[in-house]
């Protein structure tokens, strides 16, 4: 089911309200029901000691992509909360751009399970650098996302 | 075994070289063999949409504390690389200061397993907000940490 | 708060109803509010190819200890379901007896987070061989545990 | 690269040597480079209290499928050891047959990362019931797998 225009707007507003995503200069590039793609450029604000994307940056981007993928399937009037995530860093995140793809693999009424993949781009070449699993908890009674 | 002064200096230099920790205004407050404590203040650079510390910030701080705890036990001339981490966010990170404690629970020649705990402080009250498990891989042949 | 006698009996009945625990010849040795200890002997039913406890056996025992630790805090009339678990195998499970200790570290109305530790005993010496984190989901409307 | 006949035989011998897989009446149905499929029937030896496959059984089968997927890529003379795994149980494993598919997503010289999917079959209908991530450590100097 495609998302309504107002729901898309709400989710983009939530994304814009995340200070960390602003710091990352991250964009919510794609948003479909159960899927979100977020990308960000390399900058010296997000690196580890060798100048690559920090593992914590990679984890945060994967978590956020999964979170918005899940949020796209949370019914209006409810909210989603990350319960946990796990990430395997499979290659050094050495590149100029990071792209995280989050996908709901189990939409549930109370719990959603998402899978994340993170890619790093270097001189136009894209390489998978991380894979994640994340559990989101759907809560009642919050007025906003 | 206590760390040598030169090793402590090396590790602090590595920490200072992490752009992400600079962005977080994070400090490496304590460093012992197998244990590291890192703290950071709340700022609008690190939040989610409700103004709390972003889950990705919490994960990144836990990952980094575990990484430096492990690094303190890596022999000179070798390097450590995060293989994976998993974090459970057990309470909203609602507060003005975040403190991550990383501890090596299994020092190995090739793999180190660390446990992380993250606390949030609000008006002087400290509350545990996350718990993490992390696996670090010890690599040969890198000249620097 | 100590568990009532009837609740303890119910939980032991649930444990006895687990075919896998019977196969493991596992015992629910201790049960308190938020804590469970399960142990099992080595047998050729539970090994990997070198005759040690199989990593899957270690994981299953940790999962079960965490599950019953959580169940001890689930209100009557509700049920608990493992959402996910993660386990680090930190030493070979080489011994004649395996002991898993599960502990609730975050009791929630809807989610419980538990930590598990697994020990292996060899000739009376006890060694930690695994550490786990587990998330349990509290469900409405099941008549039994 | 296809596996040699002698390597396939070695791996099947290792599988047969796992007491737990015998208890599960599990079969190594498929084995290719970087991929393994294992299946098992329901029996009262592997259940939880409602008669479904126990979550620990599901985890153990996923771990084993991932382990043999990785082992198929470990060079002769070296051995593989599970460092950790994480599993999300996304549906009750209610059925008469369990199938785990393990796949290497990052073959490394020292670490391999694998993804596992577990399906449950009920009256011929197959449903995904779990998803796993696993890290295997490649060790030197063991004479056998």
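Letters A, B, C and D name the chains as they come in the text, with residue numbers starting at 1 for each one.
FYI, contacts are C-beta pairs under 8 Å (C-beta built on N, C-alpha and C of every residue); 3 or more make two chains touch, one makes a residue touch a chain.
Every value quoted in this text rests on a predicted model; they were computed, and no experiment measured them.
Novice: Applying the document's contact definition, name the chain pair with more C-beta pairs in contact, A-C or A-B.
Specialist: A-B
Novice: Taking each chain's centre as the mean of its CA atoms, which one is farthest from the centre of subunit A?
Specialist: When every chain centre is compared against subunit A, the largest gap points to C.
Novice: Where the CA atoms of subunit A average out and where those of subunit C average out, how many Å apart are those spots?
Specialist: Taking the average C-alpha coordinate of subunit A and of subunit C, the gap between them is 33 Å.
Novice: Hey, how far is the Cα centre of subunit B from the one of subunit C, in Å?
Specialist: 29
Novice: Counting only Cα atoms for the centres, state how far subunit A is from subunit B in Å.
Specialist: Here subunit A and subunit B have centroids separated by 22 Å.
Novice: Would you please write down the residue numbers of subunit A that are in contact with two or more other chains?
Specialist: 83-84, 86, 88, 113, 133, 135
Novice: Quick check: in the complex, which residue numbers of subunit A touch subunit C?
Specialist: 83-84, 86, 110-111, 113, 133, 135, 137, 139
Novice: Considering the complex alone, what residue numbers of subunit D touch subunit A?
Specialist: 86, 88, 90-91, 105-106, 108, 113, 115, 128, 131, 133, 135
Novice: Which positions of subunit A touch subunit B when the two form their complex?
Specialist: Contacts found on subunit A: 14-15, 17-20, 22-23, 43-49, 54-57, 59-61, 63-64, 67, 81-89, 92, 144-145.
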